[in-house]
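Just passing along the structure, written as structure tokens.
Naming follows writing order (A, B, C, D, E and F), and every chain is counted from residue 1.
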Amino acid sequence: MGIFEFILMSFLILLAIAVVFVRDLLAATVVFLVYSLIMAIVFTQLKAPDVALTEAAVGAGITTLLFIVTIAKTTRREEDD
Amino acid sequence: MMTTVVIQTIARVVVPFLQLFGLYIIVHGPVSPGGGFQGGVIVGASMILLALSYDLSSAETKVSHKVRIAMDSTGALLFAGMGLLCLLVGGVFLEYGIIPLPMAPAEVRGLMILLVGVAIGIHIMALAASLFLHLAEEHDT
Amino acid sequence: MIRAKHVVPLIVLLGIGVILTMAVIDMPAFGDPASPAHRHVAPRYIAMAYEETGVPNMVTAVLADYRGYDTLGELTVIFAAGAAVLSLLVGRKLKEES
Amino acid sequence: MNEVVISYLPVVAVLSPILLGILVYYVGGKSEKARDILSIAICVASFLAVAAMAPAVLGGKVIEFVLVPGEIAPIEIAFRVDKLSVSIAMICSLDWVLATVFSIKYIGRQHARNRFYTFMSLTLGMVLGVLFAKNLFSLFIFFELMLLTSYVLVIHEETLQAMKAGRLYLFLGLGAGLILFLAIVMTYMTAGTLNFSQGGILEYQGPITYLIFIAFLIGAATKAGIFPVHIWLPVAHPIAPSPASAILSGVLVKEGCYLMIRVIYDVFGADLVATMGLHIALAVLAGFTMIFGSALAIKQTDLKVMLGYSTVAQMGYIFLGMSFLTSGGLQGAIVHIAHHSMMKTALFLAAGAIIYKTGIREIDKLAGMAKRMPITMRTFSIAAASMIGIPLLCGFISKWTLAIGALETGEPVFMASILLLVVSGIMNAIYFVPIIVRAYFGGGKYEGGYDDAPPSMLVPLVILAVGCIVFGIFTNLSFSAIIPAARALLGP
Amino acid sequence: MILEFIAVNFPYLVSVSLLLVGLYAMIVRRNLIKKIMGLNILSTSVFLYLISVAYKEGGAPPIRVSEVEVYVNPLPHALVLTGIVVALALTSFALVLTIKIYKEYGTLDSDKLMDL
Amino acid sequence: MDDSIILVVMTPFVGAYLSPLLGLWRERLCHLVAVAAALLSLFFSFRLAGSVLTSGTIRYWVGGWEPPWGIELVVDPLSAFMCLTISLVSLLAVIYSKNFIEKELPGGKMTSYYTLILLLIGGMLGVVVTGDLFNLFVLTEIFSVAAYALVAISGKRGSFIGSYRYLILASIGTSLILLGTGYLYIITGTLNMADLSVRLPAFYDSWVVFGALAFLLIGFGIKTALFPLHTWLPGAYSIAPTPVTVIFSAAVSKVGGYSLIRVLFTIFGLEFITDLVPVAPALTWVAAATILVASMFAISQTSLMRMLAYSSVAHIGYVVLGVALAVEMGMTGGILHIFNHALATGCLFFCAGAVIYKTGIRRIDDLRGLGGKMPLTMAAFTLAAVSKVGIPPSAGFVSKFYLSLGALEAGEWIFVIVILLASLMTAVFYLRVINLIFFGGDKHEGKVQRDELPLSMLVPIIILALGCAVFGIFVGIPLRLVEPAVMVLSGM
């Protein structure tokens, strides 16, 4: 556990909170993409290359794409009160 | 969508490489990070890229709905079939070592693990594309 | 911002958070090679996977052989998802094709 | 110890009405006549099956049969026929034959005839099932089924009023059933068995024993229409078609009494009840019911409702007899079950005949009825007189026996109940005599000539009326069975 | 003491925080897509936890290389791979449902949907 | 080793993999494949039950790897019992689907429908036979995904929202299950249930074990629809196609309950859940609350499907109550109720579906007078409702009996009262419906022709209805598996 991992993981929490609280859904999706990529890097640091590869392909790839398509089909704004 | 010539050309160039890379990952699953699932996703993503850069129908025509369903089922059946084959030759479900091939049991297992990867790959590449395409198509209703 | 109806979920979250933190305190430390997780089942995979399956990637060996049944299940889950997505969308489509 | 005989007869008696009853529905779709004959045949067959058991049982044997063996202790459906069961079953199935014969004309005009006969048949099966049950579990099963099948009889008319009455009947019955269920479960937990056994299976274990008794009492009393859970009875009995009222009042309420007898003598045992002092509570309840039921009956203007309240009062007699815990009292209770069954069936059937012919339900309008329907009114009068307790009629015999039973106890509290018997008899007279007087001497209102009910209605009526007289005179006919039955229950 | 605990078990604590954030999004957020993002965060937090369990000080990635002796635990990796696929399945289906709901009702607000 | 154990799971799966291929060619073939697969599963379940009874618990090492390194499948009497219940109900549901789905589902969805339903069946069977915690998670996910999709498949108004709510809540549940599995893994290093139960006692005082228990409980509690985690259920049940609803209520929620039992009894063990962390006593209270609250909701429903759904929730409460009492009688009752309730609720939902199929009626008030139009269906409905209320001699009564005995055995009086109260409440809402059906006059005079269902729908209904009656009398048949199951669970 080096300082690099600490920073990455702290960043992870920040990104997660950002995903939840950013009102623009497309922006949130992009943040989620970054979150997934960082998660993949963390997995690599934790010596799990297989999982990292999968997380990158699925989390940052397919899932994000699906989110974007869904937002395109529905609405970009998260309605608020 | 983004149907500019540039993107189309890039996609045209990139897609074969992506697919090759995906296949490489599937086949090299046993020795390096990756495997059927990851490779399958990458190949599937290449199809999605194709769909994005052209339009949806061209991806449809390249790998039609029926073919995807068939690939989907075939992948799953292949995996299950390997398990059931072990039952047939008198072993336990998924006990690859018992399959009578002229090799050491460990090698048979290795071969089978590779085949499993291929089966998963076939399955996932069809599915990943399907999931995306179905979602994306929804707009014209 | 926080409204009355959020109180219950927040209390639930707090409760789960407390349980989680207490559990983390009781856990073997991170990266500890002596933790039971590293001593009980896994050593066999690390030591024997290559001899038994001829595959250097232990994750693949576990995934496709030792726990191959799980992987078949995983395949089935995503197969189910495919069928599920299909079940919602395909009605119109097949009509068009025929 | 009684000799135990294994025999199929109880199964025949219980299951043939149930299975053939379903056939009745099918046959009814094809031919009405065939259905009528079949339903009478079923009742006769059951009666014969019961009668066939009588000699052996009264000769000191006990017939047993296990229908569904309970590999796991309490869940066993089994039959056991002893003297008590067989003597009550005889009179019940006989009543059934008569009521069924009666209903051919009566129901012939109404809707849903197939359903009526089917459920009559089914109910007979359930009634016999209750009487022949070997253990509380089987008894409970038939008890609940009896409730369901008789519910359909109660709501036969399907009017709003009938539906309301039916709902009251059903939910009180189900509630009582649940409490009974609780009692049975508790019994099993404390006694470890559910089989009836002379002398009782329970031992005193503190308050729980009281609780069990109260639960049983509530369950049985609801079925029997004892105060204060009688409320359904005057509502549900009159609303049913008359043959059904006859068997509801004549037979079904007796199942509650039968259950209570079994509970007191075969589950708790007379000694335990006596040491716990429960019999006094029971007697108080019974006495109250007698007076209360009679008092309310006086107020009624509707003939059938009046008969319903009269039933409530008479159930009090039976419970009173049980509570004496003496041979005489028990004999009185059992003999009153049989005799009241006869009398009340006759009364309700007579009321049914009047309704069938004239549509009159109100007591006031009965004036001159004796002229128009002489045979019906005569049978009605005999049965009513018997209810009042005129000597040489069967009602008198049961009251006499009850009084003897009260004296046997030697306790002032119970001896005081003789007074109750007298008062209640007088009250009976107060509500029956005016009807008779009006029917015979209140002429002038009705000017038509003789117009009595058809023979298929009169025959059952006459048989019952003759029964009232015969059993009133030749007391040995009933007592030869009932005295041993009471002895068997009380034990040496 | 506490700082040391946090430093040592940092990945676990991160996973706990992520789990809570994910749960919060799933329960409290009203937008259906946000809920699905919350589901993804929740599942990745569990994956992070499992991968952390697998980690061993000084271990190598679990791919056999002749000169290395200490590897991290491969079993949780296999579990997580399965888990990721499961999460993908759930996400894709939930998103299709979202599109369908939007088509039907024109809103993605769970409160408004509740009123319908 | 006995291959039935894997074939019982793989048959539906292979059927599911084949279905899309066949669907491309001929859609109708899917139904045949589904029936064949379900039939084969039932056959293998019977073989499993047979070998469990003769030779005790069966263990099967998938891939030939001995546990804890490989995945072990374990079939003990409880698993065999669940297998039989699931595959029986599934077979009937698949048969029933033929006509129902052709009419009720929009075109082109048949293939997906049968694929998903086979995945649902296979997933449940997989959960039931597995002996590995992570494998349990994977298979739970399989049948959950299929279940979400089947809720939404009809595309009717509200179906997507119902499915979405179910998905979100259940996903929280499954994520927590995975987390709990991870917790157990970190302190024991194993995922095998038997191995876990051996290694766990060393860590009983650890928060990790407590956390794992809490998360597994919440996760499976959502799947089981325990109060207050039941909110997803009525929406999902009432909107799904009827055969699916039947599988849901009769099997899916029971599989949740089964997983709960496995986690509590097999992994943590009786001592831990009753003494160290009083989970079982807490669960009994949760179950009691589930029973009462759900019954209350059921009374106030106007839609038949929703009423049945709430009633189903209440009966899951019975199962959990019985098992959580952790005494022999209670567990017998609880496990037996899994089967008995499957019969009754399956039949009820089938009948409700049949009504929708024939007339499109969904509201309870509109059922008025349907008894004359669809007599067989409605008779079956009545029989099943009687079983649900728990009136003897139906199957439901037997489980109620055992549950009450269990509650008394555990010394928990209050739960007997709960059971009785719930019975009365159940009676209130079912008898209201039955009254409307048979005695409510005829609302559809001329509109609805008197005709019965196609055979493919009628046969499953009648089989289940007869089951309700037969297994009420011949209790010994299911108990042959239940008794050893209780023995194994309680470690005797």
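Operating definition for what follows: a residue touches a chain if its C-beta (ideal position, glycine included) is under 8 Å from a C-beta of that chain, and two chains touch if they have at least 3 such contacts.
Bear in mind that the values here come from a model prediction, so they are computed numbers and not experimental data.
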item: Co-neighbours of chain F and chain B - touch as defined; value: C, E
item: Central chain (distance from its CA mean to the mean of all protein CA atoms); value: F
item: Where chain A and chain D are represented by their mean Cα positions, the distance between them in whole Å; value: 79
item: Gap in Å, rounded to a whole number, between the CA centres of chain F and chain D; value: 44
item: Centre-to-centre distance between chain E and chain B (centres being mean Cα positions), rounded to whole Å; value: 24
item: Centroid spacing, where centroids are CA-atom means, of chain D and chain E in whole angstrom; value: 71
item: Overlap residues in chain D, where contacts from two or more other chains coincide; value: none
item: Residues of chain A engaged with two or more neighbouring chains; value: 1, 49-51, 54, 58, 62, 66, 69-70, 73
item: Contacts with 2+ other chains: residues of chain B; value: 31-33, 35, 37, 69, 72, 76, 80, 83, 93-94, 96, 131, 134-135, 138, 141
item: Of all residues in chain F, those that touch chain C in their complex; value: 13, 16-17, 20, 62-63, 65, 68-71, 106-109, 112-113, 115-116, 119, 122-123, 126, 134-135, 138-139, 141-142, 145-146, 148-149, 152-153, 155, 183, 185-191, 199, 206-208, 210-212, 214
item: Residue numbers on chain F that touch chain D, as the complex places them; value: 386, 389, 391-393, 397-398, 400-401, 404-405, 408-409, 416, 420, 423-424, 427-428, 431, 435, 439, 441, 473-476, 479, 483
item: Chain A contact footprint on chain B (complex, rising order); value: 25, 33-35, 37-38, 41-42, 44-45, 48, 128, 131-132, 135-136, 138-139
item: Contact set on chain B toward chain E in their complex; value: 31-33, 37, 131, 134-135, 138, 141
item: Touching residues (chain side chain A, partner chain E) in the complex; value: 1, 5-6, 9-10, 12-13, 16-17, 19-20, 25, 28-29, 32, 35-36, 39, 42-43, 46-51, 54-55, 58-59, 62-63, 66-67, 69-71, 73-75, 78-79
